[in-house]
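Submitted below is the structure of interest, expressed as structure tokens.
Should a chain be cited, it is by its letter among A, B and C, assigned in written order, with residues numbered from 1 in that chain.
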Amino acid sequence: MHDLGEVKVPFGPQHPALKEPESFLITLHGEKITALNIKLGYNHRGIEKACEERTYIQDLYLIERVCGICSHAHSTCFVQAVEEIAGIEIPPRARYIRTLIGELERIHSHLLWLGVAGHEIGFDTLLMYTWRDRELVMDIFAGVTGNRVNYGINTFGGVRRDVSAEQSKEILKVIGTLQERTRYYLELTQQEVTLAKRLSGVGVLSAEDALKLGAVGPTARASGVKRDVRYDDPYAAYAEIDFEVITDEHCDVYGRTLVRIKELLESYKIIRQLLEKIPQGALSVNVPRKIPSGEAFSRYEAPRGEDVHYVKSNGTEKPDRVKIRAPTLANIQTVSKMLEDRYLADMPIVIAAIDPCFSCTDRLISIQRPLHKRKKIIPWESLRQEGIRWYKKRGIDFSGLNRKLKDSL
Amino acid sequence: MKKAGKITRQLLRSLLKKPATLNYPSERSGMPQGFRGKIKFFPEHCIGCKMCMRDCPSGAINIKQVGEKQFEAEIDLGKCIYCGQCVDSCLKKALEYTPEFELAQLERGKLKVVFNAKTINPDKK
Amino acid sequence: MLKSLFNILVFPGLFFLFVFGLAADFIDRKFCARLQNRRGPPWFQPLADFLKLLGKEDIIPEEADTAVFKLMPIVALASCVAAFLLIPLWSLKPRVYFQGDVIVVLYLLTVPTLTYFLGGWYSRSIYSMIGAVRSLTQLFAYEVPLFMSILACALLADTWSLEGMAVFYSRHPGYWMFNLLGFAIAVISLLGKLEKVPFDIPEAETEIVAGSFTEYSGRLLAFFRLSLNIEMVVGGSLLAAVFMPFGLKLPQPIGFVLYLAKVILLIGVISLLRSVFARLRLDQMINFCWKYLAPLAFLQVLINLILKGVLAR
């Protein structure tokens, strides 16, 4: 057809297809992708280190801001870990409210994903329609929790706010409208010809590859792997709710779309059960400021997959170590496998199909090369001095910067 | 069964419906009650325990003693993350949420809001 | 002489096309927005965009070929305006007519696509080069059905000039109904020429930033976008003249209003198709065009040939 030879196209860190910066260096041969090089770390903000210098109460709000879309997931996971260390049992009404907000968050995240996927394949109408529906959920959040993102509804020992009877009625009404709209989107996805052409056969990931590369969430469930933390290891109120884990056998982006839309329908079912069964009672119990020493590991099914938090405490007000492993970090390895021998035009939709949230992903990972068995732990102060020396060698001087910033403030 | 242009009916129906977007800023939809916007301070209730300062994740609130049992608060709207932890930590309910969220300013200095001990109205520095 | 200058520069030349092009852009965006349940831009938005771009700095990449880079927008604009003068709009006679001007108009409308290719290729940026190559590849897919359907109409009228076709169809009202299949094919091919969804592959924002236009900024981008809008008007006018040739004998200004209505209807159809479909991949688009559009266009030619024989009797 045409021959451009071998060309290296940088896809990121800044690119209209990516909502957050990440670098994918593609080697193209005409329109086919022959090699892919992924570089992470553009969104690293040092949150895990910052957590060690703040008290648990302050950390609660910091951890929430790891990600804007799955903020409740991170917040609840952290709170569950700390409550496990402190040995606290939270009242049942608080568990139900946490689950309610979690499911509402899943709804808004999946609707957002549908819109983004539509935009990546040039179907802007789907973007406008799904984001219009998402506004209904955001308005509920503003009324119930006080904010449209970063809800701040968790506190140690329970929740901060209650859901009144009127708000429950409002939620049920919105769920009814959304259920109708979601059924329409399901029909649309199954019947619209151009959508099927763009989504089918793209980003194929077989079940063995999904297990081998460690995929989680809808990415794995669309390849037939039945993994869902809400089902395997129930937390909050999930043990008392009746729901199904949605899997699909298509193994491609089309399957992932179907899994997410059907999960939306499941979430509506779960919310109806929650609002029916929610028990009356206290909203929180008192938790001391100093958490006794211990460590805990907690998991949560975020909209993107399994979110894992590890907290180690040493008896003071500030945690000793906080570690977060976001679901996108597990899913990003599947991208290179999925894009082998595919076209450039498939690139945005394949990346969008794992529902990337690079703000969650860029944390600290330690990679151990099999030949170098030595590990070195560098203390904080000497790391800082090393950084200053590195920049001075290249002619950039940071001394006096803090004073300049303070003056301008 | 695959059809082409399935969404056409919805599109044509949307032509007859009112648009879902507002013509901001001439039309505004406010936020509901309970929205965590700007924080308001009531100096007459404050006892100067500074629990709010201790729990604030970003150090946005500063309580100063200006007289015998009189305290004034300075809130930096640029640093505040509108989490409302200060409202929960306050033992005497001296802090409150308001639904005001259009707080942008052109100069950094105008973002510091001082609630004087004498009057309840805030004074912008 | 003065009349010719007036025709070229003001009406129906450059100035009229400028205003109509911006109005067509507004109608397209507003209609799309209303279909998607949102408000859409105010009426002066395309003009404001044009003026804003005129005020920005032209940044030309170092490796780009400056002469070709700067020339392409002007060539695109010029060929669209030149094509407009050859089309019968609201009366039987266009400003300029001669035998064979159907071919000339179609050729002049292909020139903008070539300028997108050359402008993108000589920008020497990787995104522009991919976009440029895609643009040319797409050209091979939609040109044949478009040409075939328009030539089918010319065949029925037994003439190679647009004025001759206009005269023929006015003399036999109702004959344009035979060309309805060609009309449908031509509208779809026009989507490809104008690079609108589902065929906006050369300018796929989420894959190659902006395709051939990636490195363009300032005044050059303003003229490129203006030429895109004017191409929409000219393409619409061509389809209206060939496939909807009724009411050409009506007195002015009713004829003018009818012409405006026809073009606005075509723009409405283009906007509707834009909102309904997702973007196709390049190989899928070429498959679709050669498997379905081209054979149907040949069918239309065949039908017209048979009809010509039948109706001559």
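In the analysis below, a residue touches a chain if its C-beta (ideal position, glycine included) is under 8 Å from a C-beta of that chain, and two chains touch if they have at least 3 such contacts.
What you are looking at is a predicted structure, and each value in this text was computed from that prediction instead of being measured.
For the pairs A-C and B-C, the larger set of C-beta contacts lies at A-C. Relative to the centroid of every protein C-alpha atom shown, the closest chain centre, again from C-alpha atoms, is found for A.
Averaged Cα coordinates give chain A a centre that lies 26 Å from the centre of chain B.
Between the Cα centres of chain A and chain C there is a gap of 45 Å.
Centres computed as Cα averages put chain B at a distance of 51 Å from chain C.
Across the assembly, chain A contributes 125, 129, 132, 192, 194 as residues in contact with two or more other chains. Counting partner chains per residue, chain C shows two or more touched chains at residues 35-38, 275-277. Chain contacts: chain B has residues 4-5, 7, 11, 20 touching two or more partner chains.
The touching residues of chain B, when paired with chain A in their complex, are 1-7, 10-11, 20, 31-32, 34-36, 54-57, 81-85, 88-89, 97, 108. Across the complex, chain C meets chain A through its residues 35-38, 126-127, 129-130, 133, 136-137, 197-198, 200-201, 204-209, 275-284.
Listed in rising order, the residues of chain A touching chain C in the complex are 1-2, 4, 7-10, 15-17, 28, 31, 118-125, 128-129, 132, 192, 194-195, 197-198, 343-348. For chain C in complex with chain B, the touching residues are 33-40, 272, 275-277.
The residues of chain A lying in touch with chain B in their complex are 54-55, 57-62, 65, 125-126, 129, 132, 135, 139, 142-143, 146-147, 150, 152, 155, 160-161, 184, 187-188, 191-194, 196, 408-409.
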